[in-house]
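Shared between the two complexes below is chain A, which has chain B as its partner in the first and chain C in the second.
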Partner chain A sequence: MIAETGRFLVALAFALSILQLLSGWRAASIGSAPAMRIAARSAYGALAAAVIAFGLLIILFLQSDFSVAYVAGHSHVDKPLFYKIAAAWGGHEGSMLLWCVMLVGVGAALARFALRQDEQLKNRAVSIQGGLQILFLGFLAFASNPFDRLLDVPLQGADLNPILQDPALAIHPPTLYIGYVGLSAAFSLAVAGLIEGRGGRAIAAALRPWSLFAWTALTAGIALGAWWAYYELGWGGWWFWDPVENASFMPWLVAAALIHSAIATEKSGNFAGWTAFLAIMAFTMSTMGAFLVRSGVLTSVHAFALDPERGLWILGIMTILAGGGLTLFAFRSGRLGHGDGFALTSREAFIGVNNLLLAAVAGTVLFGTLYPLVMTAFGVSGVSVGAAYFNATATPFLAALLILLPIAPFLPWKKDGFSRRLALRSTLWILPGVLAGLWAFLIEASPVAIAAAAFAGWTLAGVATDLWHHRVLQGAAARFSLTGRVLAHAGVVAVALGAVADSTGRPETVRALAEGEQIEIPGFTLTLDGVRRADGPNYLADEARIVVENGRVSELLPQRRYYAAADTTTREVAIRSGLGGDLYVSLGEPRARDSGEIAYEVRVTFNPMVWLLGLGAIMIVLGGTSASIGRALSRRQKERVS
Partner chain B sequence: MILLAIILAVTAFVFAGFAVWPSARLQPRWLAPSLLAGLASVAGATYFTGAQPQAPGVPYQQAAAERMAANPDALGPAAQMERLRDILRADETDAVAWAQLGRMLARSERELEAINAFQRSLRLELNARTLSDLGQTFINLNDGQVTDEARAAFEEAQRMDPALPEPGFFLGLQAFQSGDIDAAETIWLDLIARLDDRDPYKILISEQVFQLLSQPQVNAGAVEAAAASEDFDPRQRIADMVQRLEARVADGDAGFADHLRLIRVRGMLGDNEGGMDALQAARDRFAESEGAMTILDLLAAALQTDEGQGE
Partner chain C sequence: MRARSQRLIMVAIAGVILVAAVGLALIALRDAIVLFYSPSEVAAEHPGFGERIRIGGLVEDGSVERPAEGGANFVVTDGAATIRVIYDGSLPDLFREGQGVVVEGAFIPSGDFEASTVLAKHDETYMPPEVAEALRESGVWQGEGER
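Here is the complex of A and B:
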């Protein structure tokens, strides 16, 4: 009964989305107040239906009702409660339902909070959002229903993929989806603005807060995914240039360009067409991420549905979004207006260059991601594009971004602003750049890493100057905005430095150790003190006690787990973090030596200053949040004044 | 089914009613009911694409209760295993259930899980049978090799219950695998002597011991090298081996294993009379060993049967 009720609620959310599309459209076209209210109520109703359906799915997981195919495929009665709940979005169908919950949530939020002073644009956006809901809820209801039943009920569930049974990965998808789906608001507002013939400034002002919020969530989601990969996959990598990672990185880059471009558009009307184009592309790129993960066109640790039929559905949705959005853009972008113009050394000019660089990175990543797929489509198999390509193509653009980043905040809008004072100031930033480069040289970094460190030093000095120079800003809104900008920019620098430090990491040491034997790496002596059983509720585990000596003595407890239901073995690494970096230890297979002694494969590596990556991500997220608060305060002030 | 229909109808009415309420007082009057009906129809049509309202939900608690109420013998192996797990979910301290589960898992070749189940049983209650099963699972996991962990389990099992036949056999196997044939022979012959004549394991173990002890002791490398030479004659090699064994038996230097090899090779060559002679020599030599006599009696019966069939 629970499953059938859930199924019906999904159908109801689908039907309400149709009503939202039609009544929103009518309200925007003829200004009908009842139609507007029906559109809003449809959006709220769809949200309530989707949320309750998702709640029912979680109840089915808690009850371990294996008559539901999705529950049987992704759960097990012995799984800990937290992962039973997380399994609700651990597979394709459940995560698609979560995607839809967020999509209808955005629809309801648009109906409730967006554009109180421009009801027509708001209603059109709510209607467009209803259209997006129809596409995705239709896909859910007809091709990926998480409430599908099994007539032959299995005795036990197949369990969730063990590498997904991790706190970071339980939180990672919802956060990422807030980002992906949050960009749908920017899409709907941009399309609505193009249909309504609004000027670029109005569209930019409308979509800026939504884009900023979505970009912040996307940053958090990507960072959580990288963190998970770092400690769960067992070899210390945090970014693989995996096609699915790229699929999240591309909308992030486009959204980063969008939030900067929208500032310029709102301020002076410049880049209006570009801003609308980015808004359309950002959500299209998000949908492409969903396509890559769910279609089966590629194999990845992230890919959880290998089903070409579903892939065709998502490809169809993507075609509608990109085709419809860009066609509209082609016909209507002329109405967006041309803006006030700007000088070559104005802030707009630097934002323009920033956008070009971000777009260039997104373009190279897109090319590298799709190239193997395109070649396969032409019958050339075995083509792969690896980290070497992405590092070589993306790094120069990102370095250029770091160089330009601190200058823009000191430039005026529209007019020339490269003063002698700014020239002097930026000359002073060279010193920290040289020092950072020297530090990278001393820790034996590669030439590219040394250059990146130098650029990071320059940028950090510039960001600090930005904070100092603008400390006199008055009002909470301005202060929050400044804090957001400084934190986000400094966060980017921290991530760059973390990546530089990581690239200098020493090679992994792998050795088979019996009890009492040691591994030595520079600065550390590790002794295998013993291995004991440490079984969990749904896994069997060997846990090694490794004593670490480097002036002080500590212990690390890496595990090797066997999940019987999924018949999968995982490594739970042990990490000792310090200011200098992470000592990273994983436990592998036991092997019997000729003497009969059991030796365990132990992998040890030292990852210098990885914490900078985490710190950077946190700073960017806090920066985005602070800027969002600043934006909200500013809007409230304007509403009060008006 | 009726209850589900009522729930779905009420849900549809509440949600659709909420959404179309602003049109309630609009003209034409049929607008609101039409919207309501339209919404419900679209939702209903979407729902019925793939719906199975007749299929009941099966929460795990309910499924477990049905299994507990069922006759265990009427359940298949997978359901029986799940039933044991149900019992253990309700009471983790049931050592017998853990041991039974371990045996079922071991039979399904899920050795890692079986070892875990046996160990959990043993943590609750030390039991010689469970220790022996644990040892055997270790052996299965290690492709037939008696590991140190398995040996420790068998030693403890034998200490607890010397009458249990398997630990003795596998401890002998451990000595045999480590190349100490004499120790293996001693352990096995003692074990066979200790077992009651009515114990079915007595014959099984005697047969196994004969098979193991009578294996020709050859150096695989030397055989390979000899086989590669042009003048290699397998019949001549076997004849040489028989000669060597006969000489050792005649000199009184032969151990029990040598006697068994001689009996076996003669039997394989179809020389039953020679086999009986070798058997008699072994009987004379090991008359005081009850274990050895048990094996020799079995061999005598087998050779006589072969002879009878030959006639």
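Here is the complex of A and C:
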């Protein structure tokens, strides 16, 4: 019964979305208050239906109802409670339901919070969002329904892939999805603005808070994914330029460009067309990410459920979004209006260059990601593009971005702003840059790391000056915005530094060790003290006790787990974090020696200063949050004044 | 006039960045492209020593050796031809005999393939598309993308 109710609720959300589309459209066209109420209530109703459907799916998992195909495919009676719940979004169908819950949530939020002073634009946006809901709920209901029943009911479930049984994974997809789906609000508002013929400023003002929020969530989601890859997958890395990772990085880049260009558009009307274009592209890129992850057209480490039919559905949705959005853009962008114009050393000019650089990175990543597909279309199959391509193309543009970054906040809007004072100030930033470079040189870092340290010194000095110089700003709203900007900018520098530091690390050392044997890597001696059984609720495990000496003695306990239900082995890496970096140890397969001894494969790496990545990500997310708060406060002030 | 000249300058900057991006992408792509071979294609085309390539197929049953000092050697087959792979890293957890695998690396003068990366996928029911195609071509396997 529960599964049938779930099916019904998905269908109900679909039907309410149609009502939302039609009545929202009518409300915007003739300004009818009853139609507006119906549109808003349809959106709330669709949200309620989708949330309850998702709750029912969780209940099905709690009951281990294996007559439901999706539950049978992703759960098991022995699975711990927490992961039974998390499994609800651990597979394709459930994660699509979660995607739909959020999409409908955005629709309800638009109806409730967006644009109180411009109901026509708001209703149009609610209507467009209803259209997006129809596309994705249709896909859910017809091609990936999580409530489908099985004819032969298995006694045991197939279990969720054990790698996915991890706290970070339980929160990584929902966070990422808030980001992906949050960008749909920017899409709907931009499309609605183009339909209504609003000016660029009004559209930018409407979509800014939504984009900022979505971008912040996307950042958190990507960071959680990288963290998960680092400590759960045990590959020893956090970013592999895998197609699926690129699929999340591209909307991030586009959204990052959007939140900057929208500031300029709102302020002075400049880049109006570009801002609308980015808003359309950001959600299209999100959808393309979903397509790449789920269709299996590219060889990726993230093999999800691979089904060409599903791929076609998502490709169709993407075509509608990009085709419809861009056609509308082509016809209506003339109405966005021209901006006030700006001088060459104004803040707009720098934001423009920031956007061009971000677009260049997004473009090269897109090209590298899709290149194998393009070649397949020309009949050359089996081409893959290595990480070297992405490192070589993305690095120069991102470096240029970070070098120019600190200057922008000191430039005035529209006017020429390069004063002698600014020249002097930025000359002073060279000093910390030189010191940082010198420090890197003294610790015998690689030339790349020395350059990175020097540039980071320059940029961080500039960001710190930004905070100091603007400390006199009046009002909580302005202070939150400033804090947000400074935190996010410094966070990006920290991530960049962390990435460079990580790339300078030594390759891993792998050796089979019997009890009492040692591995030495520079600075550390690791001794295998013993291996014992450490079984858990639904797995068997070997746990190695490895004694680490580097002046002081500590121990690490990496595990190797076997999940019988899924017939899969995983490793739980052990990490000792320090200021210098992480000592990262994983336990591999045992092997018998001729002497009869059993040796365990132990893999050791030292990853320099990985904490910079985590710190940077946290700073960016806090920065985005702070800027969002600042934005909300200033809006409330404006409303109070008017 | 001013609006026009500022637009011109932005377009010029955009042009420079575009040219840089395209140039960089094409140069970087030349060095970063890795071609995929099935064992039969290797036998027919003889990729050179040291050339970085990917090979995919099934791990031959009973072929995996785990030397006492670490690492692993195994044979990749597509039913028609076989390649001996030497790997001194740690095999991924989903690596199995009889299942699909993709190895990246280069041939060494002994005729063995020295792998720097061994890819076995997240999901044990997943067959990399290139491997599936290679196996279909050699007639070992008739399935779709999954099995």
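Everything below uses one rule, namely that the second predicted complex is superposed on the first by the 629 of 642 C-alpha atoms of A that agree within 3 Å, B and C clash if a C-alpha of one lies under 4 Å from a C-alpha of the other, contacts with A are read in each partner's own complex, and residues count from 1 in each chain.
Throughout what follows, contacts are C-beta pairs under 8 Å (C-beta built on N, C-alpha and C of every residue); 3 or more make two chains touch, one makes a residue touch a chain.
All values derive from a computational prediction rather than experimental measurement.
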| item | value |
| --- | --- |
| First (chain B), second (chain C), both or neither touched by A:Ser29 | neither |
| Contacts of A:Glu589 with chain B and chain C, given as first, second, both or neither | second |
| First (chain B), second (chain C), both or neither touched by A:Asp65 | first |
| Contact residues common to both interfaces of chain A (with chain B and with chain C) | 592 |
| In the complex, chain C residues that touch chain A | 2-3, 6, 9-10, 13-14, 17-18, 20-21, 24-25, 27-29, 31-37, 52, 54, 66-71, 88-91, 93-94, 102, 119, 121-124, 126, 128-130, 133, 145-146 |
| Parts of chain B lying in touch with chain A, wherever the complex brings them together | 3-4, 7-8, 11-12, 15-16, 18-23, 26, 35, 39-40, 42-47, 49-53, 55-61, 63, 78-79, 82, 89, 110, 112-113, 116, 119, 142, 147-148 |
| Contact set on chain A toward chain C in their complex | 161, 163, 234, 296-297, 299, 301-304, 306, 308, 338, 341-344, 349, 352-353, 356-357, 360, 363-364, 367-368, 371, 381-390, 392-393, 396-397, 508, 510-512, 566-571, 586, 588-589, 591-594, 599, 601, 603 |
| Contacting residues of chain A [partner chain B, same complex] | 1-5, 7-12, 14-16, 18-19, 34, 37-38, 41-42, 44-45, 48-49, 60, 63-68, 77-78, 141-142, 145, 148-149, 151, 153, 155-156, 533, 535, 540, 562, 564, 592, 596 |
